[in-house]
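Letters A, B, C and D mark the chains as written, and numbering starts fresh at 1 in each.
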Amino acid sequence: MREISYSDALREALQEEMSRDSEVLLIGEDIGTYGGAFGVTRGLLDRFGPDRVVETPISEGGFVGMAVGASLLGARPVVEIMFMDFMTLVVDPLVNQAAKLHYVYGEQAACPLVVRTPSGGGRSYGPTHSQVFEAWFAHTPGLKVVAPSTPADAKGLMKAAIRDNNPVLFVEHKMLYPTRGPVPGRGSRPIPIGKARIARRGTDVTIIAWSWLALEAEAAADALAVDGIDAEVIDMRTLSPLDMETVIESVQRTGRLVIADEAPRSGGVSADIGVRVFEQVFDYLDGPIRRVTTPDVPVPASPVLEQAALPNRERIAAAAAELCGAY
Amino acid sequence: MLVIRLFEEKVEDLFTRGLVKGTAHPAIGQEAIAVGICSKLRKGDYVTSTHRGHGHFIAQGGDPNRIMAELFGKETGYSRGRGGSQVMADFSIGFLGANGITGGSIALASGAALALKNKAKRGIVACFFGDGATNQGSFHEALNMAAIWSLPVVYVCENNMYAMSMRATDSVSIESLATRADAYGFPGVSIDGNDLTAVQDAMHTACKRARAGDGPTLLECCTYRMSGHSRGDQRAYRSRAEETAWKKRDPIRATRKQLIADGELTAEQDREIRREVRAAVSTAITFAKRSPEPDPATLNDGVFA
Amino acid sequence: MREISYSDALREALQEEMSRDSEVLLIGEDIGTYGGAFGVTRGLLDRFGPDRVVETPISEGGFVGMAVGASLLGARPVVEIMFMDFMTLVVDPLVNQAAKLHYVYGEQAACPLVVRTPSGGGRSYGPTHSQVFEAWFAHTPGLKVVAPSTPADAKGLMKAAIRDNNPVLFVEHKMLYPTRGPVPGRGSRPIPIGKARIARRGTDVTIIAWSWLALEAEAAADALAVDGIDAEVIDMRTLSPLDMETVIESVQRTGRLVIADEAPRSGGVSADIGVRVFEQVFDYLDGPIRRVTTPDVPVPASPVLEQAALPNRERIAAAAAELCGAY
Amino acid sequence: MLVIRLFEEKVEDLFTRGLVKGTAHPAIGQEAIAVGICSKLRKGDYVTSTHRGHGHFIAQGGDPNRIMAELFGKETGYSRGRGGSQVMADFSIGFLGANGITGGSIALASGAALALKNKAKRGIVACFFGDGATNQGSFHEALNMAAIWSLPVVYVCENNMYAMSMRATDSVSIESLATRADAYGFPGVSIDGNDLTAVQDAMHTACKRARAGDGPTLLECCTYRMSGHSRGDQRAYRSRAEETAWKKRDPIRATRKQLIADGELTAEQDREIRREVRAAVSTAITFAKRSPEPDPATLNDGVFA
């Protein structure tokens, strides 16, 4: 299969869905001629025109609220928030409006909305351009949260998110955009939301990750293999609802668990996965779990400090090795 | 007329008897706005509302039985008991929902208008909100975008002189809230919200503009919330004299007087209507009381579509 | 000691701190003549005047941002957000500004800000007036989060929060306002942020709760005692930073753990506490933990559904009894 | 003058050489605003800035060495490497910080002004932001509150015709952003932001008003961002012809010409100043390069005060 980048895969998904369904429209800042801060929507304005590619003033709260309103009348908006850090401004329309509409209004109401946003650190953009806020939205009943790590998953899950009748937060880690991989072409199928992917099979320890850290976890598994440790890597892909079935099945086989999460340690999705394992497979574990996370600090700009803050393949491998008694 | 009175009586009833749990914000004194605005809407148009939404809902044709049942938290309520006073909707009649967040519906309405514009359906959206809501950031953001995209929406500000306890004159430094439209480059008009005809006339003009694709209008409808903000409000922040003065300008009384003067209503018809309305309200309450409670086993249903 | 209500205790703390330090000012909607939606600030406008009791238009994001700015110049603002549900509108100034200021700007910057807000359900206020969002802010490095359950703790922690040089989210469950208890008088001391309180000593099972559910947990313990189960109840009081020392010490003694949390199950603070116990005292536990939470649904308005959704003493007791093998 | 040039040269240097990681937003072409505004401030006054903040910081007296070191992520930087280009401050000179959130500093500035007013310190706050930021809800909310409380703040909108790729004329439906002040009931003035004297004069009036306790002013300073938005911007959204036309209105060139015409600057002095500035910039770069990296062991320090 041809290999394309994560950005290109996203753009293909958007383009195919826009061609397939005229209700799909893009909303966001600088998504037209500029192509979006990370180039994902490049060329789509020319192709679909300004009624389908709606460039907005800098009014995140307002245009997400508008996207919710448009979705009530059948539109399927895909909104870009330029950095996940600015999701702080759109919490109200997502949490107090979008997430509750179907529950309270019933069958008459659906909110087929996708909010796309680049998350995370690694590029020294500093404390207000490097954050990971997935946990807030995974804590919101009525929202779905996906965070694919491969170009193929990005394309498939974007298609699923657009066709889903619920609000979906689509997390695109900014380190992933240039990464490449095989991606099916036109007319490829959506990948179901809510299913984790076993990225690598192994027997000694389960490593759970998603988004950028799923790639780091695979690299960690390669390194562990050299030391004779056979790690299984689960790419969660969806953070809400969590596919605990896949996790539990794996942990029951390996008896050891490492969770990698770029969010600050307190209150991350890692805690949620961890506590569910605790509740469900207490008896199967050979030892405690290890979480590899950013400590409870803002993400510093300086490359030296940023690298000290963020989880990476070395730290994931070290945690797994420690659990396996290798250190 | 029937609708206005039904509305007032119903809310007053609710409010004074305290028969329902939770909270409710009666729109007593503001009925002419709801009726005047909604009377100009057609099939295919939409309305968004606020925490003070029963009046808008009834004016738009909402079923008093189901509204009342929702206040009682019953399965027959518009939100099957899940929403309560501030969270109910009926999309089939174009009522896109009340809203518990002050200003929350302004962006929603504008987005609905964007969807209508894109579909060239020729529908418009009437967006209700209070004087207090004009100080929210979402008001600013949505009105600006509606302006640049010429969206078919009419912003209806019910300036009832107070946001809870805060006087509108203390929350802004301008004479008229209609001025705020200048910041976005579309017309802002201030009218007497207790004068049904004035509301209808202004709405007529605004609708024409919206339907023609010329963009939004901001209507400031000046009125007075004759009741407290919500249950339990002692109204210490305003004088009884002020309230009495406004009672004289009660829109229901004014409209009745006008209709009788114009020969469109006789005293007999008026009494008849009052009887009917009172009966309809009792029916609604009986309906609500007799309706079943929601089944707790359904609690987790419907979180996702 | 005299008994007063939770609201009165808060008002006393505000009044004493305002008298003590002229930099303390109150900011919020309807906090003057109206006295705040729940009456907490009643009388303070008359006493301190409009420069110290600043009544705002409905502009939550704006006035929290302004409070942050004022705090940079030495003011100690105590902001009221009328319902916790509206915290959705103030995430940006708290997370992207307040929480990071000291970390990035160092000693020159402090942000002595308190945001008070009533949380939770139980009064049938419906899905947008009954929510619990503590987890979001506990997930934010640089913010402290407190949620006292007794009038005495409310007074002592409010004093501590006001004197703290960091932004503090002060959660006041709306069911607590009328509850009464002994409270020390004028000049009483602050209660340190970050320390849990053992509300009841016991040997069979540890029940962790906070805010309104701490009272329910105590009631559950009373009920369990009748069945011969001796429950220890820990009132966390502070949700960030977590006093894991007290928790761990207790769990090591009892070997069993129930966590009660009113937030939706996924991603609540309950997950955070649970996973830390899992990481730290894996070997001491006699069985899995039990979390008693609201399921992942919006809080319905109908009393019948609301009661079905929210945790309460019966559910807490049932979970503890099950762990102890009583059922 | 020295400051303006220092600023431009420095940012240009940074930008074109790409010596630092992360991102930077040069204010080339906008120098007259920063200098004109800050030149009217006194000790005890404050400034808040934006993502495009190096110019404001230098104009307010920030140390180029420490700014440059921050861009390099070094321990000697203003934020000890923790903040980067968009997050640095020096409270001792009244610089309350750049800001990574568009519009984020507007409420902060207004709150600082509230603190100053309460203390009767007579200080004022100058609040910089771009044309794009005027579309944020926080702009609306803060300006309204500053109006009702007559806060001592000057809102300085640098209308450089673009917010990233969006033309200001596409993001609003009004002729001049100064009009937005009408929605709050205080003066809004539009001036040529490339004319140092015009900026100073307008700021002089606004300061007088603020210091007298009469409340805020909105200054729209019209200018042009001569460079790209940030590193990597291809500027496909605007024409080279437009850029060339604006080059002719370069504020540095205009100011130099004016000063020479007024006899306040000789060609010799001008060359000397350029030399000094170039040297200062090299010094800053050397300082930054030679400064130590932050110690990773300090990562967790200082989260709480």
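Quick notes on this structure:
Basically, contacts are C-beta pairs under 8 Å (C-beta built on N, C-alpha and C of every residue); 3 or more make two chains touch, one makes a residue touch a chain.
Predicted model, so just to flag it, every value in this text is computed and none were measured.
If subunit C is ignored, touching still links all the remaining chains into one piece. Taking the mean of C-alpha positions as each chain's centre, the chain lying farthest from the centre of subunit D is B.
With centres defined as mean CA coordinates, subunit D is found 40 Å away from subunit C. If each chain is reduced to the centroid of its CA atoms, subunit B and subunit D end up 44 Å from each other.
Centroids of subunit A and subunit C (each the mean of its C-alpha atoms) stand 30 Å apart.
Contact of a single residue of subunit B with at least two other chains is seen at positions 79, 82-83, 87, 99-101, 135-138, 140-141, 144, 148, 170-172, 303. The multi-chain contact residues of subunit C, meaning those touching 2 or more other chains, are 57, 59, 61-62, 85-86, 88-89, 92, 96, 100, 103-104, 127-128, 141-142, 295-298.
In terms of inter-chain touching, the protein chains here all touch one another pairwise. Across the complex, subunit D is touched by residues 25, 51, 54, 56-57, 59, 61-75, 92-93, 96-97, 100, 102-106, 108-111, 141-142, 144, 165-166 of subunit C.
Against subunit D, in their complex, subunit A makes its touches with residues 29-30, 32-34, 37, 55, 57-59, 61-62, 85-86, 88-89, 123-129, 295-298, 300-305, 307-309. Subunit B meets subunit A in the complex at residues 46, 48, 79-80, 82-83, 87-92, 96-97, 99-101, 104, 106-116, 118-119, 137-138, 140-142, 144-145, 148-149, 302-305. The residues of subunit D lying in touch with subunit A in their complex are 21-23, 70, 73-74, 77, 79, 81-87, 99-103, 132-133, 135-137, 163-166, 170-172, 233, 236-237, 293-294, 296, 298-300, 303. Subunit D contributes residues 135-141, 144, 147-148, 170-174, 179-180, 182-186 to its touches with subunit B in the complex.
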